[in-house]
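The next part holds the structures, each set out as structure tokens.
Two complexes are shown next, each including subunit A; its partner changes from subunit B in the first to subunit C in the second.
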Partner chain A sequence: MSEAAANSSGGGTVEYIQHHLTNLCVGSGCETGGFMSWHIDTIVISALLGALIVFTGMRVTRNMATDVPGGFQNFVESILEFVQGSVKDSFPGENKLIAPLALTIFVWVWLMNFMDLIPVDLLPLIAGWFGIHYLKAVPTTDLNTTLAMALTVFILTIFYNIKVKGLGGYLKMFLFHPFGKFAVPANIVMTAIEEVAKPLSLGLRLFGNMFAGELVFMLIALLGGAAAIGAGLLIWFPLQVVLDVAWLIFHILVITLQAFIFMVLTIVYLGMAHTTDH
Partner chain B sequence: MNITITLFAQMIAFIALVWLVNRYMWAPLSAMMEARQKRIADGLAAAEKGQHEQQLAEKRAKETLVEAKNQSSEIIAQAQKRASEMVEEAKGNARVEGERILNGAKAEIDREVNQAREALRAQVADVAMAAAGKVIKREINADAHSDLLNDLAKQI
Partner chain C sequence: MTKRKKGPGLLLIGVGNILASTIISGFLLGFGLDYWLGTTPIFMIALGALGFVGGMLKVYKLLSNPDLY
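On to the complex of A and B.
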């Protein structure tokens, strides 16, 4: 970690951080920040983690034991039961989609967040050996990933709002909520803001937390590098290690909490869509 | 940090993943767990039923035991009664038999006595005659005093 930091510290810490925050990009919009740019690292890593989940599911269900579950099956079952409990607690209706959706969000987000705990320079370094010079290893530090999930949840919310309340009922919510029928224009603005704020806050919260966490890891990684070679290294390097471990331990809590919050809010938003009496 | 086409790629990936997770993880596992729940519930119900049945059986066994005890004591009482009856009967029989034997013996004795008396009676006349003949050889004629002698013999 400190080695890479030391190497790039010649070019300045700003460059180091910017380098780390640049996605591996393919497409016409990459240089200009345009729309047509594929963030290959985000897509590939998140897809790999998704595949890991599906593979795990297949492996567990292929030889699962009904009577006496083994160690790994127990682990998967406990996650399942945890998600099931959360759904039962905060979802009022009956919908077969909610539980798999919540499970996917929780596990996938957690795994993507977990990439944050891998030393910040390790994966870019390995990628560098294969000629890939930009790699942002944590998919959830890419706004596209978090907003993609938030938007999907938002679309589902609108879909179930209309399905449960009817189109008229959904529009009525915009017209007469929260101030009653005498303040219709204000109601429309307020409800629209409220509805739009849901997916935005959902996506931005996760993104912000992960981005900030990643940034702190980078700053810690810079400590040893900033001192360069000299007597200062004796002080800075141990400090870097201690801080890194402390932030790592704290971050385990953060990634789990963020995955949990994303899941619970998804359940709550969809639950609100399912209650007719708003 | 820009919103790009990656957003839509990630949306598609997310939707696909939800479907895959449901297909390969959630559905089979939750079905299995539900089946297990049902099995456990069934097992508990069966255990409770078994316990209940056991209690019933215990109760029944107790009742049977009490009944058997009553019956056995009844049988014992009957047997004792019968035994004493038999003893009484045997005693009665013995008494009757004893009396019969005693009577037989008495009758035998009487008969013997009579026989002896008859025999004696038959002989007494001759002996008396012989004795008297010897004493009063000449004075008494057997023929002339036979009536007297016979009377004497009868009186014995």
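On to the complex of A and C.
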């Protein structure tokens, strides 16, 4: 790992970190941060992980045993039951979309977060052999992924708000919500702020946690990477191993928790859209 | 008495986040309004302040009575 760190960074720690935090970008807006820029690595990796879920799901269904389920089927069933339980606990209404949506979010976000546990230099190194110089392996460390998912949830929330409460009922929420009927302009602004804050907090929380986690992994990798300056710095290598294992174990908890929070908050927000009394 | 749902309580996980994101969303909405009306930075400051107030209010309400939401 340390050798790769030195190779891909050109020796400097700042370059190393910046290099690892740069997406493989295609489009006219890449340098300027413009709208027309496509993060190919994020798109491809998240699509591959999505395909993995579909493939695994199909395989499990095809080999399903009704009498004595095998180990993997048990595992999948336990995830299903866990998500089903969460939906039953938190969702007040009746909607057939919620449980599959929650399951998709949970598994997909978990898998995208899981990419964080793969050694930080491994995938960029392999990609480097094929001439790809930038690769950010964790899709959830890209704000585009998390905000896109949050935005999807937001649009669904608006859709169900209008469907359940009616357009009038939804607008009424904007007019009379925090301060009663005598402060309508302030109410509109406040409710708008609160509504926009929901997807924002959803997306930023996941992004922030994953980005910070990735950064810590990089800093730990740099401990050993310091050996590129002088072999004497290899003295830090045992520390790197210990820290890496500790953070890895802790991070398993973090990625699961973040996937769970994203799922639960989606259910809660959609649940709030389904309740008529506010 | 109906069975208490776990969901609203789970909102408390992200209570600190709610405060931060209401302020950010206030600034964002204000920025959008300013951009549209050409009044930079009046709405950004005003809505940012409102976002702070709203965030405080929301957090207070959530913490004092999670059943409300």
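List of remarks:
Just so we're on the same page, the second predicted complex is superposed on the first by the 265 of 278 C-alpha atoms of A that agree within 3 Å, B and C clash if a C-alpha of one lies under 4 Å from a C-alpha of the other, contacts with A are read in each partner's own complex, and residues count from 1 in each chain.
Simple rule for what comes next: a residue touches a chain if its C-beta (ideal position, glycine included) is under 8 Å from a C-beta of that chain, and two chains touch if they have at least 3 such contacts.
Note that the coordinates shown come from a computational prediction; the quantities given were computed from them, not determined experimentally.
Looking at the superposition, the partner that touches the larger set of subunit A residues, subunit B or subunit C, turns out to be B. Contacts of A:Ser90 after superposition: subunit C is touched, whereas subunit B is not reached. Within the superposed three-chain model, A:Asn209 lies out of touch with both subunit B and subunit C [touch as defined at top].
Once chain A of one complex is fitted onto chain A of the other, the partner contacts of A:Ile193 are limited to subunit C, with no touch recorded for subunit B.
In the superposition on chain A, contact of A:Thr157 is made with neither subunit B nor subunit C. In the superposition on chain A, A:Gln240 contacts neither subunit B nor subunit C.
If you check the complex, the residues on subunit C that touch subunit A are 5-8, 10-11, 13-14, 17-18, 20-22, 24-26, 28-29, 47, 50-51, 54-55, 57-58, 69. Of all residues in subunit A, those touching subunit B in their complex are 21, 23, 27, 29, 33-39, 42-43, 46-47, 50, 53-54, 56-58, 60-61, 64, 66-67, 76-77, 80-81, 84, 97, 99-101, 103-104, 107-108, 139, 142-145, 147-149, 151-152.
Of all residues in subunit A, only 89-92, 178, 186, 189-190, 192-194, 196-198, 200-201, 204-205, 261, 264-265, 267-268, 271-272 touch subunit C in the complex they form. Within the complex formed with subunit A, the residues of subunit B that make contact are 1-11, 13-18, 20-22, 24-30, 32-33, 35-36, 39.
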